[in-house]
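A, B, C and D label the chains in the order they appear, each numbered from 1.
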Amino acid sequence: MTDNSVKHTLYVTIFGTHTRAGKTFDIALIIAIISSLVVLVLDSIPSISAQWSRELKYLEYTFTGLFTIEYILRLYCSPKPMAYAKSFYGVVDLLAILPTYLVLFFPSASFMGVIRALRVMRIFRILKLVRYLQESNILLRSLLMARRKIFIFFTTVAILVTIFGSLIFVIEGPENGFTSIPMSIYWAIVTITTVGYGDLVPQTGLGKAIASLTMLMGYSILAVPTGIFTAELHQEMQSHKSLVKCPNCSQSGHDSDAMHCKYCGGELADPDQRVVTTKSSFFLVSCR
Amino acid sequence: MTDNSVKHTLYVTIFGTHTRAGKTFDIALIIAIISSLVVLVLDSIPSISAQWSRELKYLEYTFTGLFTIEYILRLYCSPKPMAYAKSFYGVVDLLAILPTYLVLFFPSASFMGVIRALRVMRIFRILKLVRYLQESNILLRSLLMARRKIFIFFTTVAILVTIFGSLIFVIEGPENGFTSIPMSIYWAIVTITTVGYGDLVPQTGLGKAIASLTMLMGYSILAVPTGIFTAELHQEMQSHKSLVKCPNCSQSGHDSDAMHCKYCGGELADPDQRVVTTKSSFFLVSCR
Amino acid sequence: MTDNSVKHTLYVTIFGTHTRAGKTFDIALIIAIISSLVVLVLDSIPSISAQWSRELKYLEYTFTGLFTIEYILRLYCSPKPMAYAKSFYGVVDLLAILPTYLVLFFPSASFMGVIRALRVMRIFRILKLVRYLQESNILLRSLLMARRKIFIFFTTVAILVTIFGSLIFVIEGPENGFTSIPMSIYWAIVTITTVGYGDLVPQTGLGKAIASLTMLMGYSILAVPTGIFTAELHQEMQSHKSLVKCPNCSQSGHDSDAMHCKYCGGELADPDQRVVTTKSSFFLVSCR
Amino acid sequence: MTDNSVKHTLYVTIFGTHTRAGKTFDIALIIAIISSLVVLVLDSIPSISAQWSRELKYLEYTFTGLFTIEYILRLYCSPKPMAYAKSFYGVVDLLAILPTYLVLFFPSASFMGVIRALRVMRIFRILKLVRYLQESNILLRSLLMARRKIFIFFTTVAILVTIFGSLIFVIEGPENGFTSIPMSIYWAIVTITTVGYGDLVPQTGLGKAIASLTMLMGYSILAVPTGIFTAELHQEMQSHKSLVKCPNCSQSGHDSDAMHCKYCGGELADPDQRVVTTKSSFFLVSCR
């Protein structure tokens, strides 16, 4: 068995999802990821952390060890190691193991612990197992198509909260808790997003009037991102339908989970394969 | 009168909705269900419960008795008793009577009392009386079509609240009320869904910045489930229209509540019958 | 000048909107309605009410007198007085004057004062002045078309808040403020609508978990009414477009505010007139 | 070099975006605008303002000086100075410099300081640099098309909050914090927009019932602006697509960021140029 064939077998097992070994690996990986997150969460609860400190630490080291081995194997068997290391998942995989080592070698860097929480993003990796990625692609592409409109929306929101925050700062002032413009902008964000903690509320009549305006503004401009996304998703779903063609009668317009042509009954390409042949394959490839 | 014909008459009365007896039974049933819920609610109010304890208990036993007889009759007259017992409504019907018996025989199991609240789900059963089930089917099918996209959305929200919760835990810490990661995830859910109780609010500047980000995130990703459902519902409504054909001129595209063909004026099939002939009949049957 | 012609002139002035006198009357009416509301609001502010009590009372009597005269004239000149009296606007017009008389004759009936606030609904009357009623009709018809789906949605929400309210009542109990099931259902409504006052919050871990579920539920089912309304409005706007036909080239598909045919440039019917010839005229007539 | 050519060069640099000088000017301007805003915000934080008072003041004067020079140059080189001064951006540009002078000459007018926050609106000016304005036009036109429906929606909300506010005022009364109708309307706005500060909550059972109704109302009518905007945006996006024609094969329906015809591959007009030839150019021109 040559070095290359070992590499290839490893590659198919670790990166692939179609072989039996690949599926077993993926299921083991998702169990490891979720278990390591549970350890992280349990460690943060004082009563549990005090009693099981030792056990949780050992589990933490075990998972970090496993993930380190997995990361090294991925680098080793990948045809383009640097491409993997610099990809989204490559960075997430590294961030999942790095903090534990940093805390180990530099005990003062305890704040790095939180980056361990990014480990949860590894769950995305498993999603490609199932056919969900195709829907995920539709959602992602809709967001991508709408990115400029969303950017304009967020710029508008940023401008609105600055203006309303500044207004309420002048009207209410530090004596009512609005101690500075950043604090007032925080209030404006709490209000415009309709969160409404209530830790900072206007006390004067004019302040309440401005607050009412901010609320109504926030309440109605919520329509904008929803409208943008809905319109894009609608187009995306329709164009997606027209992308799939029946190999038998060449007619398109099939649902994304259709297995047979709805006109002649001929078998359609497998949904997972099918998507690879469209431009959405960009996502599948870039997410490897 | 044979045993079989008694069975069939009972079946038509209890499960059916088209005979006079069936309609009377259904109306009596909905009154009983709502009355039993009112008893449940009144029993929970201390001042009323103290004064009318005895009467409420007797009413409770009466309703449980009635529902028990109904459940046994359903089992008896159903052509496939096990299919009914295992169906959604069969389980709900059982859950509506079981808790009272459990409390009766095991007085310590008082916490089971809450499952009695599930009795309210029995109201769904009555909905099939009216023509509403057809719209209900459209809504259900839209949700069913969108289930994968909704799953991806909830996974994303779960990941976001874990990350933001962990971040705020490290930034604010136990001294500001964020005592553990689960507690901080609870805060993140309160914030990202724009509920904003205000029982737990960030105190530091950095914490407020993270909170602002969480709010804006929650405010704008609300667009995603709305977009998904709207797009699916739109498709569902259009495909539903094309399912109904005029028996006279064979043209389709009629509204779901249309009684006459909009092109030739010919009478269309009764909306309630009509839906049974389409694939949406799956729901009507499975909800029996 | 016969009695009939006086009646007709009055009718055209008071109910009509196309003559100069009719427009002047409508503008005077809207000023009177808003002024009477301002008086109502000012009367509720303790500091103002104490100082201007006498003046506000006289203004109140003046407006009630004016509205009484208007109501009698409407009854007098209307071709079908009873139809007017029983219409939506007829009831609102009566409710706007009745409370003042009741308070005058039965001083103890001071709680009736609030029904005066319904006077604000009279503003709807003025809306027909402008072309807005047409858009209003599209919105109303969309809601009307969606009424069954909306009913199903509200039934589902009612069931959800009952179940979640009952659950939190059992979990948190009276010691944490959840004193009864109605109180807990109130909490569930506050939470599921993402209002989140924070006057009642779960204290236990399990309670927080149930609360999180309620929030996520409320956050995502918001998509349902939005989806329903958007889909209906979309259809309504498209069918509305096809209702308007060019008298010159007979082509349809014109925007609701178009004055000229977009294909041949021929003048289209006046938007206000146009709508009367469609089925949406139902609303115009019923709102008289 | 004639005076006219100087004017034209200045005009192209300051108002234009296609020359190298124009782009450099625009980038310098956006940096200056954001920097001046940072100074404004820092000045409002007590701890920073106390220590760096002098430096912040000087920076403030410097930015005001720069913006004054810019404003004068714009007036000078614009072919129609009055049109610029009266345009939206002309007013914003003036408002950005005026307050500092007012505070300088009338030290008591310190409240004018807040209008300086309007300076942030100048950022809009920069947006035209990039291709984002085209999407911005689609969003603006959708809002413009929907303005009457939005007006009806806001009128309805205004009526609802008046009615619910008046009701809660009578039910809860001053002893529970609802001191006047304006105060109660403020509560109704906080509730109907699902903000829910919690500074004012109903205490009585009936008050809680009215509050629940207000919340459910607010929760579901949120569907209305979203539906309106989504439906308009959908139409706008489709009509926009049909506006762009391929110069080679004359087929339309291209995406707004398409560079090549999707049917024949022929090069399409540059997106930025393209939009100028449609009716949406109104916005580009009016925003100059």
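One rule holds for everything that comes next: a contact is a pair of C-beta atoms (placed from the backbone, for glycine too) under 8 Å apart; a residue touches a chain by one contact, two chains touch by 3 or more.
None of the values given here were measured: they were computed from a predicted structure.
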| item | value |
| --- | --- |
| For chain A and chain B, chains touching each | C, D |
| Shared chain contacts [chain B and chain D, defined touch] | A, C |
| Which of A-D and A-C has more C-beta contact pairs | A-D |
| Geometric centre distance via CA averages, chain D-chain A, whole Å | 29 |
| Distance from chain C to chain A - Cα centre to Cα centre, in angstrom | 42 |
| Touching two or more other chains - residue numbers and ranges from chain B | 153, 182, 194-198, 218, 222, 226, 228, 230, 234 |
| In the complex, chain A residues that touch chain C | 194-198, 226, 230 |
| Complex contacts: residues of chain B adjacent to chain A | 148-149, 151-153, 155, 159, 162-163, 165-167, 169-170, 174, 179-182, 184, 191, 194-198, 201, 205, 208-209, 211-212, 215-216, 218-220, 222-224, 226-228, 230-231, 234-235 |
| Residue ranges of chain B in contact with chain C within the complex | 37, 40-41, 44-46, 111, 113-114, 116-118, 120-121, 123-124, 127, 131-132, 135-136, 138-139, 142, 150, 153-154, 157, 182-183, 185-186, 189-190, 192-199, 218, 222, 225-226, 228-230, 232-234, 237, 255, 257 |
